[in-house]
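Okay, structure first, notes after.
All chains are identified by letter, namely A, B and C, in their written order; residue positions are counted from 1 within each chain.
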Amino acid sequence: MTFWNILMILARGAGYTILVTLASVSAGLAVGLLLAVLGTMQHKAVKLFLAAYTYIFRSIPVLVLLFIVFFGLPGIDIRISPFVSMVLSLGLISGAYLAEVFRGAIAAVDRDEILAAEAMGMNRAEIFLYITMPQMFRMAVPGMINEFTSILKYTPFAYTVGIPEIMKEAMSLAAITLRGLEIYLAVGIIYFIIYKLFVLLFMALEKRFRIPGLAPE
Amino acid sequence: MALIEVKNLVKTFDGKAVLQGINLELSEGQSKVLMGASGCGKSTLLRCLNLLLSPSSGQIIFKGEDITRPKVDIRKIREDIGFVFQNFALYRHLTVEENATLGLRKLKKMKMKEAVEKATYELERVGMFEHRNKYPAQLSGGQKQRAAIVRALAMDPAVLFLDEPTSSLDPQMSREVVNVINKLFLDNITMLCVTHDAFLAKYISDTIVFIDEGVVVAEDIAEHLFYESTDPRIKQFFMSVIDHR
Amino acid sequence: MKKIVLLFCLLCLVSLVFFGCGKKEEASVIQVAVCATSPPNMFEENGKYQGMDLEIFEGFCKTRNRQYKITSYDWQGMLGSLIGKQADVAFSAISITDKRKEVMDFSKPYMDNTWNLVSIKSKNIVFNDLAELKKYTIGYPRGMAYSGFIKNKLEPEGVYKLSDVKMYPTYNEVLADLKNGKLDLAFLDGSVASVYSKKMDIQDSYVFTGFDMFGFAFPKGSPLRDDFDRYLAELGPDKLKAIIDKWMK
């Protein structure tokens, strides 16, 4: 079996890796956005919830949360599929970090522009949707790329709950061939390729949506 | 009937009364400029009129409606008042044209085509049509303020409020903007402007309203107030702001 | 920019629905959990799952006219899936131990297993007296039944301490360290040792026999377990031995 054969076999798992990554990134974005919006509210109860959420989900390791969701919850009769468990765990945790990124970006929006929008007759929701969010996303690009990279590097944990991504292929292959070094090198190469492809995609998107005078901090 | 009637408007901040009983009227087609020393309350007055600040007491009648009463539809009133800020406050993620059409599409629910038509009319009136696809960061100060005026006019407001429109501009750009607002003045746009720029005031006002310590002290045409006033406060103020050449 | 975000969220939703619902297959499909890193009992070659355990189980499914679906886990994930009831059965050379019996049900034993301490031939480590064990480093995959044995039998007798053992993810990593000299002895199941001795120059340094047996594992209280035991009885010891010998060759 040549190195190329090894790469081809491992690439089978790459599809799952990419799928888990994309789904988790979407989930993280959704959670982060929701938390960022909540962060603009002044209610004491909301602020308390945010503080608790951030504290919990920034201190818990991904694997621990994953195991609680997938292996622990069935104990109280809540059964969640492997894929959803993974996406949920990664989404909740990266959402906590993304919320910070978004909060910073939201704070960077010019107060005067918000005042102008108010003077125009927009309510808080419209101001957030049409003024704050478009600017926030552009300024949060570096932070989002960062989170995406972290998520990609957490996907090997998906193997522990039965998702057949790259690591699963690697371990099965290693068990019969015992060519560990080549196999794990190949795994590294594949992750590098996936990472590079996504970064290129992101940069193309960033270029398409770039606005003169509105650059990420 | 006047478009705007202000009766005994009082506004206090932390116990300090900035506006101490303003009385003012503005009719359709009129243009009045509010002037006075810093801290006299002129900007505060403007922001009370479109409820960006809430009055402490007094009445504001806008188009026959008392807008100081509790259940008023703030959104409808604000859509009817165009506001131009000292720092332009253009939406930096939108082009000049998009800045103008945003309100039309999202608040007045216009279709894109209609909105662009309306925006185009105002863009041409103000001389910004060739810059319509530029972003605020790509404009000079004068162009930014003109874009802000387009944005305000596009909504077809009953009155245009201008808060120190030339104060952030150098003399050359300031002249550019004064010319534009003068054009609007000659088109009989109803305007209320706050400024300490006497040059601007002369060319865009029917009358100037002089405010001191939260009350209206005098209202008269520019020439009278600038050169013929006997009130010491007014004399002193205009001595310092007018270029006596 | 907003459209891209919307697209992402849509993708997330679609994947969730696709995968979340995908697992709701007909109840008649048996969910199987394996850890395909223990040849010849259970492994993956050329994209296909193969092994002695699988052949036995396939026989069972054929007679009961049932379908099965395999999901691969790491060793502890496989055992965990029985406890969480994500799987109906698990097999991959799983030793029957009292500790495991507390949380899962086993079938009747289907194969005797030996526990082999193997070493690299060139190092020439052979001993008959367990007292000599102290001199060497031992390693094996995390979660294997050897831990219970060391803790409950060897440690009280002062032969070896569990805390001195080196843990690894799978056999592959254990053997890698064996080869590069960082490890003296590797604990392998006899069946696994027979497969790897063909690929590496390893020899048995000491063999524990007579007490370990493999079983098919089921969630506690599973009715499938009793049915499977009935199948083993139907199959008979001769046919069973034939299958085992075939894979152990």
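The definition used in the following text is that a residue touches a chain if its C-beta (ideal position, glycine included) is under 8 Å from a C-beta of that chain, and two chains touch if they have at least 3 such contacts.
Here the structure is a predicted model, which means the values were calculated and not measured.
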item: Relative to chain A, chain with the most remote C-alpha centre; value: B
item: Centre-most chain, if every chain is reduced to its averaged C-alpha atoms; value: A
item: Between chain B and chain A, distance of the C-alpha-averaged centres to the nearest whole Å; value: 46
item: Separation of chain B from chain C, taking each centre as the mean of its C-alpha atoms, in whole Å; value: 79
item: Centre distance in Å when chain A and chain C are each reduced to the mean of their C-alpha atoms; value: 33
item: Chain A: positions in contact with at least two other chains; value: 134, 138
item: Chain B to chain A touching residues, read off their complex; value: 50, 52, 74-79, 81, 83, 85, 87-93, 102-103, 106-107, 135-138, 155
item: Footprint of chain B on chain A - complex, ascending; value: 110, 112-113, 115-123, 126, 130-131, 134-135, 138, 211-214
item: Touching residues (chain side chain A, partner chain C) in the complex; value: 9, 12, 19, 22-23, 25-27, 29-30, 33, 67, 70-75, 79, 81-84, 87, 133-134, 137-138, 159-162, 164, 168, 171-176, 178, 180-181, 205, 209
item: Residue ranges of chain C in contact with chain A within the complex; value: 1-2, 4-5, 8-9, 11-13, 15-16, 19-20, 22-23, 33, 36-39, 43-45, 47, 71-74, 76-77, 80-81, 83-86, 169-173, 175-176, 196, 199-200
